[in-house]
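In the two complexes below, subunit A is the common chain; its partner is subunit B in one and subunit C in the other.
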Partner chain A sequence: MTTVTSNVRKQTIARAMAEAIAQEMRTDPRVFVMGEDIGQLGGVFGNTRGLFEEFGPERVRDTPISETAFIGAAVGAAADGMRPVVELMFVDFFGVCMDAIYNLMAKNTYFSGGKLSIPVVLMTATGGGYSDAGQHSQCLHATFAHLPGMKVVAPSNAYDAKGLMISAIRDDNPVIYLFHKALQGMGWLGTEPASIVHVPEEAYTVPIGKAATVREGRDVTIVGITSGVHHALKAAEQLEQKGVSAEVIDLRSLVPLDREHVINSVRKTGRLIVVDEDYQSYGVTGEIIASVVEADISMLKSPPKRVAYPDIPIPFSRPMEQWALPNPAKIVAAYESMVK
Partner chain B sequence: MTPTREQKIWMYEHMLVSRYLEEMIEEIYMEGKTPAFNMAAGPIPGEMHLSKGQEPCAVGVCVHLKPFDVVTATHRPHHIAVAKGVDLNKMTAEIFGKATGLSGGRGGHMHIFDPDVNFSCSGIIGQSVGPAVGAALSRKLQKKEGVAVAFLGEGAVNQGAFHEGLNLAAVWKLPVIFVIEDNGWGISVPKTASTAVEHNDIRAQAYGIPGHYVPGNNPLEIFRVAGEAIARARRGEGPSLIEIETLRMAGHFMGDAEQYRPKEELAMLKARDPIVAMRTYLMTVDKMSEAEDQEIVTRARKRAEAAIAFAKESPYPRGEEALEKVFV
Partner chain C sequence: MAVDIIVPKDLWEEEVEGVIVAWLTEEGASVRKGDVVAEIMVKKVQFDILAPAEGRVRILKKADEIIRKGDVIGRIE
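What follows is the complex of A and B.
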């Protein structure tokens, strides 16, 4: 009898994040974790599970509900040679602590003329779709990506989640690490099966600032990030049934933004749809479209389209929220309106 | 805890360096800004928050610190930077926006960073607290020598950052000292109109840490109280809070006509100058001679003059250098 051993090691984003942090903590004593409920609970979204048991309360520190203090403290600890990984439980909570983020963390390197390194990883949960309403469901991609001095990454699958986390921890600059709740594989927040993928056991990096083509195609480029990538992949399957070949790009990072990758794809396909669960106006969708248009407007066969969250607070009631969210059908419809 | 004669002279001299530097800055700041006051004009543009009158807070605390100790300061940072040993030439060049400044002109007077002596500050009220707590945590985690001192104004204590930071430092028993410079005024609002308690030292009780109030803007008293708090932190016994009664001898910023300030208070400023008081003290108690005083005064003035000359002679950065140093 023979046993077939599979070398596929499927993991959720939550597990991949925790594994990445643990591996870095084992090799680098400067790495430590702070946040609310990230200790014994293992994080409300599971991404610090097991760390408290392995590294103890000195290096895995549950904080009081004091984001201003502990994110400010992360800045001070990073300037003093540590590499803190801090969690802002929901991105929506940035309101109380943005000073520490955009006035300290993002600017102290510049104000020191590049002498001070602030290697903080700020991980925070984004996204809706589970009726948690407007103070616990936002993405706020553009809010962070707009402000200079911070790198911003947001994985759509567990492989990227681990590699981006290791890159973020090793980066000498502040990195905002946005993870989408519905992609965490937590079950109770809805689980996107396609986010659960093979994750190598050894430590590896995914470069910050590099987009990935997750599906190749000829007729249209669909650009997304986190949940938007999964909507785009489903839309691409539906379009294939109709004989349309869609290319799907996962941005993976918002800062630095891999504009070249998108431009090269649009040069090939001639059409562009950008998907984003963040608010539409002044956001990622507009930035991607502007970048393509600035590069060479003549490569577009039709005006670009965006499928983003309308400019409204996120409603509670299921029919309203689901109506407002991006989805594959909206992407397919966007394509059809382009070629009409 | 009483200072040695040497420590007293050190405090006096650093108060003088800060004062002379600010007097020179004050004069140059007004160049190009008369008759119409335009903040953007002249060799030193932007807001200018002078610290004159508050020098005792800086020297009385920093005399106990080593370069490896961490200090975070406020939008009014000159006196503290001088006492912490920040490179005076580079700091002054920074205030002028020159390429030779600490950050090559990216920060200016409210954003003085000198990692060589672990000094930084922030123009945002209350934001000196978090980074000091974090630096103290870093020392504890690394088992590395050093304490952190966060300076803040009495106007900052009604910010959440202050209360969150004190609580966190106390819960984690960190080697950090919070020093409130109480100059009585948050821009134009008197402390009595903004703060529910007369002295903020009692707020330490809310966090189970020692609180001290130091009246009189007296470097010797500040020396004693700060010395005990810093020694306590070095022994690993946790944070302390100190509020110091001090004196804002200038407006909130230069160009502030201070019409909100009682005339009697303004008339008293010169008479309450802490440097004059310190000189008198040194002459009577420590038998400082006129000649010795002159020597110290000359030394201090020369340092300030040299820093101003360095700043004036330094080139401006090129505009496009603004694109550099966003990331390391």
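What follows is the complex of A and C.
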């Protein structure tokens, strides 16, 4: 007698991140974790739960509220042979530690003539939608992707979250690991069910710098990252009702950027919409469009469109914030304006 | 024999409601005893719900449903 049983093991992004870090800590004694409330609390976004209990305070270190000090310390520890995973609780707090990030972490390999590697993973929470206002809701994708010397990754689901974290820890370069709060699976931040997916128990990697086609289509390419992917998938469903076949690409990494993947899709569809919860001007949306236009402008049937955050500080008021955020309806409207 | 998946009565102290944040398995999937099958949230604090036995999962209360201590949210068959 045989019965087919599925062995589905769903995880939230928070759990997948913690599992990835734990598995790397078990096999590599150089890996340790630092940050505010990442120890006994397990991280305010749940992504270090269980680590303190398993590895203790020596390798899972709660720090004082001084990003300047502890991110600087992580960069130094990495230069000295360790592999720190350090958390900047909200990406919005980058101001006080930016010297350590972009003058030291990003550049010391170059300044040492390649003698030093700085294998820091800096994980940090992005995104809004839950009325936490302008100092706790930004994405700042372009701020980090713009500065050379660091890789930048950002998962939209738990499978990629685990694989990208393991890749990031094993990478000899500094990696900025952006995780969106609304995809984290922490109920009070709003939970996106589509980010909770099957995650294999064993360790595996998702390559840094490779985009993924998460839905195939013929008529338009919609490119997004983190929350933008979920908006795009919902928009694609709505477009399907109208007889439009949308392809959705999850960038997964911003540095290196998988331009080829986007270009190949647009070559097929002839239309491009880029979705980003980061500010519009000088941002990811413009970079993607420029990459396609530079490759071959003749493949575009209509001017490309952006659905990004307007160039304003993020409002606290719920109606005002919801007005400003990208959403599926804005993507559908962008498509309709292209084919008018 | 079926075993109920129950929200433990002593999981939190006050008489307040919680909510199922997510099922970490799905209808009909097989689980081992002790696997985390669901996450619930009570006032911003999250708790794991573990499989009380090995077997196949039957989901009785879906994600986003309100729950109270002692509620049966599923069954292992």
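A few notes on this one:
Methods note: the second predicted complex is superposed on the first by the 335 of 340 C-alpha atoms of A that agree within 3 Å, B and C clash if a C-alpha of one lies under 4 Å from a C-alpha of the other, contacts with A are read in each partner's own complex, and residues count from 1 in each chain.
As a convention for this text, contacts are C-beta pairs under 8 Å (C-beta built on N, C-alpha and C of every residue); 3 or more make two chains touch, one makes a residue touch a chain.
What you see is a predicted model, and the numbers here were worked out from it, not measured in a lab.
Partner subunit B is touched in their complex by these residues of subunit A: 30, 32, 58-59, 61, 63-64, 66-82, 84, 96, 99-100, 103-104, 107-117, 148-149, 151, 172-173.
Residues 5-12, 15, 46, 185-188, 191, 193, 196 of subunit A touch subunit C in their complex. On the subunit C side of its complex with subunit A, the touching residues are 19, 21-26, 28-30, 35-36, 39, 41, 44, 46, 56, 63. Of all the residues in subunit B, the ones that touch subunit A in their complex are 70, 72, 101-104, 106-107, 111, 113, 115, 118, 120, 122, 124, 126-127, 129-139, 141-142, 148, 160-161, 164-165, 167-168, 171-172, 324-328.
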